[in-house]
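Next, two complexes with subunit A in common: one pairs it with subunit B, the other with subunit C.
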Partner chain A sequence: MPIKCKTECGRNAVLKRPKTSDALCKECFFAAFEAEIHYTIITNKLFTKGEKVAVAASGGKDSTVLAYVLKLLNDRHDYGLQLILLSIDEGITGYRDDSLETVKKNRDDYQIPLKILSYDELYGWTMDRIVGQIGRSNNCTFCGVFRRQALDRGAKQLEVDSIATGHNADDIAETVLMNILRGDTARLRRCTDIRTGGGENTIPRVKPLKYTYEKEIVMYAHFKKLVYFSTECVFAPNAYRGHARAYLKDLERVRPSVIMDIIHSGEQLLFKDTVKKPVRGICERCGFVSSQQPCKACILLEGLNRGLPKLGIGKKSKGDRMRLKQDKELALRERANLVKNDF
Partner chain B sequence: MSKSDLNIFLEFSAGAELLFGNIKRRQVTLNGDEKWTIRKLLKWMHANILTERPELFIQDDSVRPGILVLVNDTDWELLGELEYEIQPNDNILFISTLHGG
Partner chain C sequence: MCSIGDDDVLDDGISSLMTPQKQMLHYLPKGTCYKCGQDRELYKIHFREAECKNCFLIFVNHKFRATVGSSKALPRNADILLVFDGSAESVVLLDMLQTAQSESNFKRLHCYLKVLFLDDYEAYKDTCGINDYKLYIQQVKDLLLSYDNIKCYVTNLRSGIHQKPFDIKDMNLYLNREMEKEKVFSNDINNIQTSTSRNEFIKLYRKNLIASMATILSCKYAFIPTINISIATDLLSAIALGQGNNVACDVAFKDDRLVNGIKIMRPIKNLTETEVLLYIRARNIKWCDRRDHVINASSSIQRITELFIRNLQKNYSSTVSTIICTGNKITSNNDSYEEFEEKCCLCNSSIVNSETLSAVRYSRYVSERMSSDFDLDINFKKFLNLTQNQDQKVCHSCQNIGRDSDINLIKHYL
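And then the complex of A and B:
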């Protein structure tokens, strides 16, 4: 007694949609899934005809589905977009090198050009070497900060009008929770935005999968037989996000709408005027977006290059002290050298 | 000796296979004299083939939230989930979603 598709198309249902509880067949699910993403794109005016859009591609399920669906909708609805895959190679042996193979397959399968930018060429450091310096405790800070900026740099090089990322509804609900738990009002304010950046000097980022459930993304990839990469990073997985994620998944089991509900809550939040708002400016060193001077990426990089890898970790005052101490030591050594040269 | 064997296929993807000796698809033979539900199968899997970090797969007698289960390519949520009665030659697929994307 298989369950029939809710649309009365006559076919057997293959899945229960978490968003609506509807039982749908494969074809009707594909149609609904694609139509909803199209609706999100249109109602939020994410793109304009003739634009060049970089799809941030990691080879994982979300960016693989995003690239596939954007290509499909671009053709079907004549968006007139020029799509390009943008991948960041952090230089993590046994992880990123494998996932980049998946991205190359996406490039060939979907006929979208691909640009790979490496941490090595951007910063002169690979994650493997950074981990060699810092160990496995704060390495994710480096990776996250560098990746965010690497996408901006890549987008600038490619002269694109926007960057589309694969953040799905579950990711965004998780981020809302994490920002509440951390009291991070600055991020809480913008983490539900479907479009961020886009002022002067910044390339906007858009999230076409913002309202798409993770379960549906995985089901879509499965039924469409899309190839994606699914290995956890070889370095420490993000523990804090992991807890938020497990908590959310537990809630979802009891009440599937919880994901949309949390996003909705995040969208409706209003902040008092007294809540400090970070001023987004431009880093005076590298010229990329930052709310501090110099930007976090530049401080982390300075730390690596000075042999003080912890420079950008923790409080700014601590970093200033480390810098001062090293400058003093260097000056002392310099003076010692000068004295020696007198002989 | 049991009168009949219940042969089924178990399939793992998107990382779930790492918890099961990195084998993506395998045939298993259950005692066909008994009635097998997914609830009972999960217990059997835990005792027999779940080799790595069982807490990443099993939680409170069910699969950990975030792991998708498909029986013959149909979402188990349409089939009664834990109470689904396993049939000969069923293909049961477990897809992990608990990784970044």
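And then the complex of A and C:
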């Protein structure tokens, strides 16, 4: 005998909700899924009427579902938001070409305007060329650092009031674990924030899917037949993060609520007064948010342009030494040239 | 600050998993000690030069004394109860305490020491046969009797917090004690549905039991032999169990959350497994193997976490020390505005509220009531009223225990 939907709507259940283990029919699942995101947006006051909001769109499942649901809730509950899709083209052959097609399809399906910005336009380098310089070992650092700032740059160009990103509950729980494992208290403090930035010179970022399980996002996209691009980044994923992810999946298997429990834990952590808080300022070179001077993107960029791509990777002191060494060598070479030219 | 750079793998590749005795270090190279220059067997731990036995022992003992001394929480002539289980860590702590008590003048640790063998067979009986258990009990008894200048006691996890412990010399009386009530306890524990919640309950209960035994034996301080990898496991488990607001007490040297003013202390929290095993070798002391190592890998949050950390430590040798570092930066707010806050009836920690917790409740709410004629706005208000009137005597983490058991049935144990 088929199982009835838990809400007593009379229909048969077709799925078991990963988040609550309730058996639901398709319609009740959609309604619950959307209601929860609406609840998150309202109780956390993520948006204000009349705002222009950029949805960071990668073509992946999270951003596709985010764009779809934001559009739907904006219409249904009259948020009065002007939505715009913002995509970054890293310039990775075979990765972005297809996913950008997906984003374009999202644009047409959901009737939301789209802006694509390329790394080439923003930084003068495509990821393919960066990999050519550095090899595959550290390219995810470049990709991540550049992407983070690319959104800020794009948002500034588009003059939006906030950027909505597709970070889901699993991503946030995983990041809490990661930051504990690598002892990064600065990130541990802020990684559970549903809203970051938003100071004088920065555009705030919000995470409307903060409490949405990855499994439910996949389920929602599947039953709604949403089109998304499902290939992981073609470069090797971060091995360390992979361990944290596998650990989280193992935990979720014994206790599904663990994802929310970890987010709750992360939010409740208090740090001793002696632990220094990072100062989040503005990079003096490029003018975007940074806790370092100059910002990581600027250092990586300097490294690429100097032909020292490893400059921004590893300790700062090591980078300083590399810079110094190159400057010395250049000076020597120049002197040698001078000597040669004297004759 | 965090200068700990310990590592649990020796340079000669011997892994130091604290499992059977067979894996004890059977080979140490000979050479010159970097400190005293003598040609001896060399003890080598990561981030330290190879040194001779004596220099190694001085180093490890110093680490222990530094942990105890730095917090200034232990007064002179304190009455200390050492919680003992025969494990390598516990015999090392006992030996270190003895050494510290017999030091000359100013280096001497002035304290009065009693030992409690806490027999927790109940917690691991599924993985250890009765014969192995009997052998183990005998070993612990012989070991403790060899310390004829220390008063040693034994009690069982199931015996209840008011049951006086037995003198270790009366082991036969202990083994033949009245056990009717204990069966009720076992039964109540078995009624907890998941091993995650069972472990959590036992952890809370064990703490109460230790506090109660310390009181009965007139000790104000209880020393527990937790070393760094267990601290790291406890920290990460607590995060996964939703206990972020009081995880600091689980990993600090001193834990004073206990109701009757007893302070639990972790004097060897900075020792690594390698250091423990090398110490045992250097001092040539015995320890008792519980033989409870066959445990289902995916059974509980705590067990999964332990295995995860062990595996990660193999690939990234600073895993444990980094987690400890993170833990050392965390504090708790349990002391502040104590009287105004509601406390959890199981774990006694402050009950907090947050957007995340209301999101969790909202999920459950809509998942049960959602249907096509569900009015979101009306129900939104209904839900908010419901949340405000909620009976909140159990913290978020313990609500998970509540989902796996009948809280009223287990509440009175805590």
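What we mean here is this: the second predicted complex is superposed on the first by the 342 of 343 C-alpha atoms of A that agree within 3 Å, B and C clash if a C-alpha of one lies under 4 Å from a C-alpha of the other, contacts with A are read in each partner's own complex, and residues count from 1 in each chain.
In this text, a contact is a pair of C-beta atoms (placed from the backbone, for glycine too) under 8 Å apart; a residue touches a chain by one contact, two chains touch by 3 or more.
In this text, all values refer to a predicted model and were calculated from it rather than measured experimentally.
**Student:** Name the contact category of A:E214: first (subunit B only), second (subunit C only), both, or neither.
**Tutor:** In the superposition, A:E214 contacts subunit B only.
**Student:** I want to verify the contact counts: of subunit B and subunit C, which reaches more residues of subunit A?
**Tutor:** C
**Student:** Taking the superposition as given, does A:L181 touch the first partner, subunit B, the second, subunit C, both, or neither?
**Tutor:** After superposing on A, A:L181 lies in contact with subunit C but is clear of subunit B.
**Student:** Using the superposition on chain A described above, determine whether A:R253 touches subunit B (first), subunit C (second), both, or neither.
**Tutor:** both
**Student:** Where does A:V279 make contact in the superposed view: on subunit B (first), on subunit C (second), on both, or on neither?
**Tutor:** neither
**Student:** Which holds for A:K61: it touches subunit B only (first), subunit C only (second), both, or neither?
**Tutor:** first
**Student:** Considering only touches as defined above, state whether A:R245 meets subunit B (first), subunit C (second), both or neither.
**Tutor:** A:R245: touches subunit B, not subunit C.
**Student:** Could you look at A:K16 and tell me whether it touches subunit B, subunit C, both or neither (first, second, both, neither)?
**Tutor:** It touches subunit B, and subunit C stays clear.
**Student:** What is the shared patch of subunit A, the residues that subunit B and subunit C both contact?
**Tutor:** Common to the two interfaces on subunit A: residues 250, 253.
**Student:** Can you list the residues on subunit B that touch subunit A in the complex?
**Tutor:** 13-15, 64-66, 68, 70, 73-75, 77-78, 95-101
**Student:** State the interface residues of subunit C toward subunit A in the complex, per the touch definition above.
**Tutor:** Residues 2, 194, 196, 235-236, 238-245, 247-248, 298-301, 304-305, 308, 311-312, 315-316, 319, 322-323, 325-326, 329-333, 352, 354-360, 362-364, 366-372, 374, 376, 380, 396-397, 400 of subunit C touch subunit A in their complex.
**Student:** Where on subunit A does subunit B make contact in their complex?
**Tutor:** Residues 2-3, 12-16, 23, 58, 60-63, 166, 168, 171, 214-215, 217-219, 222-223, 228, 230-233, 245-246, 249-250, 252-253 of subunit A touch subunit B in their complex.
**Student:** Help me check something: in the complex, which residues belonging to subunit A touch subunit C?
**Tutor:** The touching residues are 6-9, 17, 19-20, 22, 24, 27-28, 31-32, 35-36, 38-40, 42-44, 176-177, 179-183, 185, 188, 192, 194, 211, 240, 243, 247, 250-251, 253-255, 257-258, 260-272, 274-275.
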